[in-house]
Amino acid sequence: MLKYLAKRIGRSILTLFVIVTLVFCLLRLMPVEGYFANYEKMTEAQIQAGLQSMGLLDPLPVQVGRFWVNALHGDLGVSHIYKVNASVTSILAKKLPISIQMGVFAMLLSLVIGIPMGLFMGRFKSRWPDKLGTAIIVLIQAVPAAVYYLYIQMYGTTALGVGLLFDTSNWKYWVLPVCSMSLGNVAFYAMWLRRYMVDESNKDYVRLARAKGVSENNIALRHIFRNAMVPLVQYIPSAFLNTVVGSIYIESLYSIPGMGGLLVTCVQRHDNTMVQGIVLLYACVGIIGLILGDLLMVLIDPRISFGKKEGGR
Amino acid sequence: AGLLTGCGGSSSGSASGAASSGSSYTILYDSQPATLNYLTTGTDLEMVVGANCVDTLVEYDNKGVMREGLATSWDWDADTLTWTFHLREENWVDCNGEVVAPVTAQDFVDALKYVLTPDYAASNVGLVTGYIAGADDYYSYHVYLNNANTGVVDEDGTTYTVDADGVVTVAAPGADPATYAPVDFEAVGVTAVDEHTLTYTLTYDFPGFLSLLCYLPYEPAYGPLLEETGDQFATSAETTYSCGAFYLAAYESLETWVMKKNPENYDAANVFIDTISRIYNAEASVNGPEMIKRGEIDEATIGSDILDSWLADDTTKDMVSMDRPNTNYTYFYMFNFMPFSHEFSNWSVEGMDAEYEPENWAKAINNTNFRKSFLYGINNSVTLAVKAPEGYDNYKLNTITPPSFCANADGVDYLKCGDLANITEFFDEAKAKEYRDAAIPELTAAGVTFPIKVQLPYNPSSTDWDKQCQVLKQQLEGVLNDGFDFINIVITAGPSDSFLSSVRRNGKFAFLLCNWGADYSDPQTETDPFYQAEGARGSRYAFLRTGVEDGFITGDTADAVMNYMKAIEAAVEITDDINARYDAFANAEASLINNALVVPMGMSVPAYIATRLNYWEGQYASTGFSNKRLKGIHVLDHYVSMSEYEANRDAR
Amino acid sequence: MKKNELILSVRDLNIKFNLRGKILHAIRGIDLDVYHGEVLAIVGESGSGKSVFTKSFMGLLDSNGSITSGTIDYFGADDHQPIRLSALKKEKDWLKVRGHEIAMIMQDPMTSLNPLKTIGDQIMEAVELHQGLKGAAAKEKTLEYLRDVGIADPEVRFKQYPHEFSGGMRQRVVIAIAVACNPQILICDEPTTALDVTIQAQILELLKEMRVKYNLTIILITHDLGVVANIADRVAVMYAGDIVEIGTSDEIYYDPRHPYTWALLSSMPQMGVKGEDLFNIQGTPPNLFTEIRGDAFAPRNPLALKIDFVKRPPYFDVSATHRAKTWLLDPRAPKIEPPAAVRMLQEEVK
Amino acid sequence: MADEREVLLEVKDLEVTYGSGRKAYKAVKNANFTIYKGETFGLVGESGSGKTTIGRAIMRILPTSGGQVLYKGQQINGKISHALDRQVIKEMQMIFQDPQSSLNERAKVSYIVGEGLMNVRPDLSAAERDEKVRQALLDVGLLPEFASRFPHEFSGGQRQRIGIARALIVEPEFIIADEPISALDMSIRAQVLNLLRHLQKERGITYLFIAHDLSVMRYISDRIAVIHKGDIVELADAEELVTHAIHPYTRSLLSAIPMPSPRRERQKKLLVYDPAIHDYSAEAPQWRELRPRHWVLCSAAEAEAWCREL
Amino acid sequence: MLFRMKDEKAHQLEAQLDKLQADGPAAWAELPEEELFTPAGFSEERAEATSYSNYSYWGSTFRAFFKNRIAVILLAALIAVVAFAFLQPYLPGQADPNFCAVDPLTGVQYRNIAPGEDGFIWGSNAIGQDLWARIWAGARTSLTIAFFVALIEAVVGITVGVLWGYVRQLDFFFTELYNICDNVPSTIILILISYVASPSVKTLILGMSITGWIAMARFIRNQILIIRDRDYNVASRCIGTPTARIVLRNLLPYLVSVIMLRMALTIPAAIGSEVFITYIGLGLSVETPSLGNLINDGRKVMMQAGLRYQLLYPTIILSFVTIAFYLIGNAFSDAADPKNHLQ
């Protein structure tokens, strides 16, 4: 198993390398203008000097090489535009914790609501709990997030008697962003758990359990549920890590000083070093999510052993 | 010379309305500075630090009259081209408001050296190298030296080498190699004569120099701090020392930004705000108005699209007023005279896409009547009304230079000088149609097909520009297509990033709204977008001369262009008679406009804001960052209403 | 309850399914008595309704099917109160029957165990549900059942998962689960079809042992007459939703009367002579969507009489325990010799 | 094995491995047998013993990891020429165990049956192909009207016959029938067995017949090989094998045959085969002819003991 | 329609059989007793043919689908909305979506006219453009984009997915490619595309499908993996069927329903991501109204109670389309599941 993990991680590192290098090269396709705040009034020499100081004048392979050498030493470079001359790691280190906290809460909330909701819906398929749940899910998915987040913010703040913008120190301020953030996942978990429960409930072992005299509730809870969680559990770490890296809408709305939207901001503002740092972080997160997902699957499903699992069931 | 010599200071401490002293003030922003480094930045927002936390040698009052600042007096020696400033006692304070060191003349020298160090990539170098003796040589040499040290090879194959003596050789293929000997900073025309005496030596007798001083590269910075922090200078509140009306107390990018009153400042008595916090919110345009209503903040922008609903509502109608207008930017439409792919000295232009019929456009644009039909056909009111539902006509311009930009020796506003004085409102449907009707046979003869496609791009990230384009299209087509299918305006969205390089510099437009911000108080600065020196193929705006040289611009249009160039060259030479100088510039500008080489549009529309500040109390200048200074402004106990705003304006 | 007492009685049972708006008449008026302690085999080809019939004893019919008429009475309850199974509706009522009174083993050992629960847990669940044992006692009992069904190393196996078991072992586990419910009646729905002959034989042996040890009544479903010869006390032959012949196993094997039973017996390869054709039943089973007139087997029966197409035959008693639904037993019918293979079997007894 | 009959297929030291590296699992080891033209060669063994694996390896669906498969003297495992590939496809066909899953549910019978023709006889026109499909259906006792139906509209026996028609239409000489009746209902097994036998008689087709039930084998095969856990342990003529089974595994298989006779069944004693009785530590088992044309895999000691028993 | 025809045929066959049975036995019913007890003879056809069941996959699928009231109503409503969106410009009295109504007094455009006033059914935006016209135009644009994105994703995704799943050697390559593509932020790609080619319906379609196909491909690949080694495919390989035909005839027909579901879900997803793309400033030009830029414009004024209608109407249309596609897609996939063909 360790060997498998080592192999897996090795391959992931390779993938990571390709991803970040690719992004690195793609970013060089961006027009030069983006690197300067007042390109308009700059002279040729100034532009040269600017590019030079960002290391953009060297041949691409040299740039890539330098980037990786530095990255291996834990130096992701400094931000050129987002926060001039501040090191990327320090920026990320400041932003990440708040997003992680928020993500953890949102995740817990979505699991705590989504899973029982899906369980209920699956158990009472085609009855009113199912229909109600479906209605909620469909609504969450159909109305653009950008819109309902706004409504939550507007009415929620009044209801809670808090300000529109986020304040770390007061727990009340956490409620709305966390709820908003968890909504999508609630729908996701509930919907898929229901789907898998329904699929599972046609299996033979369910019939045996029924013939054994196990009540429907217990069948749903003790037999179907865990089986239905198997395919779902794979996505939980990824989903979790994705909430951890923040939500662009929510963090913008509430001024939460987290990771959300950082990527978009930095791509738009041509802060290449930041983009690279963030992409590296995201890719790590994505890949770790995949590995964790597989690990979780192995934990919950005794049939799957590391060696066999290759590319999904 | 010595056009604008020192004026006495007249500090207007008259506080109107019920001012609450010792107040704190919170502003919601949708952008935050990326850097506090006032020496290197070039963005409007980031200037706020330089404007409020660092004093400049000279200042303005709230009417735009220059007065002493950090310098108590100054004099000008026309022979040696030297300005000498006498500094007052002043201290640097850190982010806790504690005194660190006195401000000395050396701080200006150190700051300028920092600006001229290519590694720091200061964006306003041009405002130094153009005017301070030796600065250009020093800067270029260091750029080349850097290139040589890192072995840069330019795209065109230019190589850089440095020898043991530090002489840099720049070898461009097909040209003789040029050599650059080492330049010491001593050679740059800035000197700390003693602690409180500072001199600048200029390259030529430049009339606008004093107005340049209210700008970033001419601000002081504490030398030892620069030394110590290098490129980390002013990356945080801790690495920034202040000597202005306020000191920077806290700063975290995209989070908080707090400035506090600096009691150490010589002018502290005129500072009426204790703490200014700027809160960042990416959705400020959505949240700001709501937060104002809820009383969570003191100031926010009210977008033009919700303005009337605020004005219509009794609870909010008295809460909205405007920012103080400033003429830092003026807007005008440019024609693309070279819509094809072609090469410039250091970049290539793709030109308009075939679907927008560049051939047809290129033929049409050389027709003066055609252009004039635009000049007379456009009603700028409608586009301005998008941004300024109220009083849009106040922001209309029929010139490139805004009013009250500068005045000649007789106090005559530049716009009343020379031929500019004759320019009146252009919009005139009948005239526009006349020109159109005159143009039709000429264009037909030239082989132009109708309707002529006019590609009109906009930048989606720029608020309301899209709407302005739509309104313009409808309005202009309404006039010119009346009775004849003359033009077809095609609105295209440019990329929101690098809009200028992919659209304007890339020639991907037919007709485009552009703007220009003056750097100093002299009409010369307003010629920058249009004037091209002979052989200078690299100016970034209109490539008028290049267009003539390359044969794109022909006939009477070419004559008009060349006349303009010559007129500017002549005007620049006049440095001893300001009236003559201004007249010459004014004539040139008028010819540019009357020949419809450019179509004036308007000035920046001040934002609608809900504010408790009377901005009319603040400093004012047509260039530089003085308008951003909060010194002298009181915090009111109520929001400024539109009528109060107007009253304040008139009472100023 | 004593041996050979009536434990289950089915009277004129009709089950219909509503399939895409059409009515499928799956069970067409079956009468059957099951006695305590016996092994009753139900034999019939695929689709003849064997599973549907037995599922109806436990309320496990698919949701689109229902008992339209007839009764099922169960007499084996502890309190000796008969239970009318055909009238039970609520899940709660069924829970008293399922497992506790009647347990069931399904055909496919590969899929009928929960893949995520240990073998031990799955058996223990039944023990806890139906024997009121908890904790260590339940575990002890579970181990005993594992041992009973012939699984070596029960302690180790207890903690293993189904995928670690072979097909035969899994089927044993399923049997253990059913037995652990401590039922009166054990319904085995084709418990060996998916297994190969050797394993099949072993499982049947096991069932025999279990029956003795736990005093079970077994209803064994299969389509293979060969498989049940060994174990069944009585055999019921089903065709198209009806029991066409029923009798003790000797009677069915050595003195079958229904042409379908003949056909079933003679088509077995064991009966074949090398180089000669096996007897085969031509054609395909009847379409239960259309109303069946007369004898359902008639269209495939080369020996069919004209009356077979007209009138449904009643039961004709051959002996006290043996009866068959065929007009051939009617005195008016011509004498028809059973086929060669059947005669061969009859020879055997003589 | 002196035999004057024409050899159709020869399997020499066949070895098939699933997976690779550490996970590699040898499902078939050292399989050796010869199939003569026109005969039915039976392969029996319990589930998982490697029967299907051998069949599929011969069919070239599975790659072999060792040994040779010779068809009409030509090696057909590993890389072969395109022409030979075509020939093998045409002359060798397979019938599958499960009629349910081996028919494409979303295709009409006409396509399923005619599919092979499209490949081996691209020269035929659609009409000719239809005619052949018709004929093939008639050959397997189905009505030609069925051509336009879908598989799910048929009963198990009919489906299996469609599968047979699919194999037959390319007029193969050799058919591998992989448990063609195991999944079928007892009452229709006979149909299929009869059909296979008739076809053989009429067309001289050679079969490799795979099953786990010796009673079926005995009825249909000429010679039978018994396979256990990837090893062929015994090979003899059908009657010989059934009456004089030597290897204990074969005997256990025999003892498990269900008989439709309660009396005989009650007397029947199950023999359970325990591979541990072999002691191959001293001597690896070998392929020995213990009776005429009756080969057994055993060690010398075992050979002696078993011979004595006979 | 196909399944209808098949039904027809089935009925004929059934009728024939009924007749056959009726002819023989019906005639016999009147026979005297002794006659009744004589052998009836054996007809092979009678034995063979009775097994017909009228199960048709698509027939049942559609029947099951049409049983689902809500889905059918939604389908009808969706068709109505889509049809209306595309027909609206041809109806009489419709405003040009880009026309700004001008106040004749000032010559300047009207601002934010409330719904229902001056003939503005859904009001106007800040420059006097008719929201009714803009929203329908927007629905047109967004639906077109979504349709093409779904189409491209389906075509490319299916092609690649089939290759990926079916050709073992390609698995490693595509899996790694997937890992890479999945982790390169699509924002970067979108921004690059919008830089290279200015924002237009085409570039938007390109941008969305360039990142979307891989998910589709992976989905198809997983499905293919499930069915690729089923016996019937092995059988086809045995008789030498070329891979292309196996894919076409054996694999794809099994995937039709899941592909349809997937496409039905892609359409709302594409509209949703258009909203996001507009939010980050890469959306379409104002000249081409789309639900994305309308919602984004609406968002900006949403805190203002009196202007909320600007957000409300496009959101309603968007939500309706999304919900409809979502529920219809789900109902269809349920209906396509043979397990649900019982009733």
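Order of writing sets the labels: A, B, C, D and E. Residues in every chain begin at 1.
Just so it is clear, contacts are C-beta pairs under 8 Å (C-beta built on N, C-alpha and C of every residue); 3 or more make two chains touch, one makes a residue touch a chain.
The structure displayed is predicted, hence computed values, not measured ones.
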Fill in: Third chains touching both chain C and chain B
A, E
Worksheet item: What chain lies farthest away from chain E once each centre is taken as the mean of the Cα atoms?
Response: B
Worksheet, complete the sentence: A student comparing B-E to A-B should find more C-beta pairs in contact for A-B
Worksheet entry | Most remote chain, CA-based centroid, reference being chain C | B
Fill in: Centroid spacing, where centroids are CA-atom means, of chain C and chain D in whole angstrom
32
Worksheet entry | Whole-Å gap between the CA centroids of chain D and chain E | 46
Worksheet item: Can you give the whole-Å distance between the Cα centres of chain A and chain E?
Response: 27
Discussion item. For chain B, give me the residues that contact two or more of the other chains.
Written reply: 286-287, 290, 496-498, 502
Discussion item. Please output the residue numbers of chain E that touch at least 2 other chains, ranges allowed.
Written reply: 48, 51-53, 55, 191, 195, 281, 299, 302-303
Item to complete: Give me the residues of chain C that touch two or more other chains.
Response: 282, 284-285
Discussion item. Can you tell me which positions in chain E touch chain D when the two form their complex?
Written reply: 9, 13, 45, 48-49, 51-53, 55-57, 230-232, 234-242, 245, 249-250, 253-254
Discussion item. Per the contact definition, I'd like the list of chain B residues that touch chain E in the complex.
Written reply: 285-287, 289-290, 303-306, 308-310, 312-313, 379, 381-382, 385-386, 389, 392, 457-458, 460-461, 466-467, 469-471, 473-474, 490-498, 502, 508
Worksheet, complete the sentence: Seen from chain C, its contact residues with chain D in the complex are 45-47, 167, 195-202, 205, 223-227, 229-230, 232, 249-250, 253-254, 263-265, 267-272, 274, 277-282, 284-285, 345, 348-349
Worksheet, complete the sentence: The chain E residues in contact with chain A across the complex are 171, 175-176, 179-180, 182-185, 187-189, 191-192, 195-196, 222, 225, 268, 272, 275-276, 279-281, 295-296, 299, 302-303, 311, 315, 318-320, 322-323, 326-327, 339
Item to complete: Over in the complex, which chain C residues touch chain E? Could you list them?
Response: 17-21, 62-64, 282-287, 289-290, 293-294, 298-310, 327, 330, 332-334
